[in-house]
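The following block contains the structure, expressed as structure tokens.
Per-chain residue numbering starts at 1, and chain names A, B and C are given in the order in which the chains are listed.
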Amino acid sequence: MIMGILMKVEFDDITISTRSRTEVVDITSRVEGTVTRSAIKNGLCLVHTVHTTAAIAVNENEPNLKADIVRKIREDFPAGAGWAHDRIDDNTDAHIASTYIGPTRIFPIRGGRIVKGTWQSIFLLELDGPRNRQVVVEIMGE
Amino acid sequence: MIMGILMKVEFDDITISTRSRTEVVDITSRVEGTVTRSAIKNGLCLVHTVHTTAAIAVNENEPNLKADIVRKIREDFPAGAGWAHDRIDDNTDAHIASTYIGPTRIFPIRGGRIVKGTWQSIFLLELDGPRNRQVVVEIMGE
Amino acid sequence: MIMGILMKVEFDDITISTRSRTEVVDITSRVEGTVTRSAIKNGLCLVHTVHTTAAIAVNENEPNLKADIVRKIREDFPAGAGWAHDRIDDNTDAHIASTYIGPTRIFPIRGGRIVKGTWQSIFLLELDGPRNRQVVVEIMGE
């Protein structure tokens, strides 16, 4: 007799073309599309960017708030503040913001849907754009 | 012959009533109760809040330290600092702190217990309270 | 008929001896060794430290950048800034940095390898060294 439920793992690759140096890009609908197509009912959804000058974050998609997030990142991680790495590549501020915030967010999947609140959107944070960015979405569950 | 082990996924919903605008609430025992009841031996435990003005964090439950964390969050994410989103809702500071720290923490489960150090407690960080807050605990494993 | 794939969970314990109060230690090759030995093809890799004055982060292993990360952490989380917890233990700055950045990072495993970009290395961030630190690596998948 088999107790428990068998697992499935699915991947999706998303490419995003950003337009500014610092930008908040909503990728919620693309992640949700991957979850729906996977037909996985209960499990996890990993949203992971493979870059060291970008990050993944979760918050409300309200235009003023997105502008405030950009302002705050620029204030907290100032460009050209005498960074040693700037002698190699002029983007140390972006590396440090990515180190703090992180390249990954993870969500439960329950009843075939991502568990998130009404106001939770999934963002790619561009910290050294404009660039083409890769995000890997992994769905794992039953 | 079946190689490997079958998976189980369990959910628990926790409601927390916070009492201050900025507050550190220890939810460790409630998360550990969910892990024990799940009877899952090896796997993962996801602790996820569905709000954009709260966060989940991990640190030591020492009263002075909790006061220091509250002080530092208020200093780092000042309320009313000319935020554009404040014209809509007076809590931009809370949204930005949640964006940085994140709504989720994840732990290994090994031998039926959460893998965490002696001093690691699991906190709901209230950033715009007092409010009722929802936390979803997901246990996935064998 | 069995639909789907059976799961395996593997653990590895890594000990790191740090040498400075604030230090960026690259643990990528040790984590990758665990993934290779697990023979898990598709799944997740959790990298989790069990301490409240250390963190796990992901960024580029470039010596100047690592020095910049140390400088920024010291600037953002200043030691001895009148913290209440310092009366008990002189490391409140380290606790708060760990609270913000977090003790865990998680990666997809795809085709037997960690999904990460060319420049993404996995760091233990020592925030109150020198000390011996424990990192638990968990691999879960098919």
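Basically, a residue touches a chain if its C-beta (ideal position, glycine included) is under 8 Å from a C-beta of that chain, and two chains touch if they have at least 3 such contacts.
Everything numeric in this text was worked out from a predicted model, so none of it was measured.
Seen as a C-alpha superposition, chain A sits on chain B after a turn of 120°, to the nearest 5.
Of all residue numbers used at the contact between chain A and chain C, under half are used by both chains, marking a mostly different-residue interface.
Centre-to-centre separation between chain A and chain C, using Cα means, comes to 19 Å.
Residues of chain B in contact with two or more other chains: 2, 5-7, 44, 100, 102, 106, 142. Of all the residues in chain A, the ones that touch chain B in their complex are 2-7, 42-44, 57-60, 62, 64-65, 67-69, 72, 76, 100-102, 105-108, 110, 115-117, 119-120, 123, 141-142. Put simply, chain C touches chain B in their complex at residues 2, 5-9, 11, 44, 46, 48, 50-52, 77, 83-85, 87-88, 92, 95-96, 98-100, 102-104, 106, 134, 136, 138, 140, 142.
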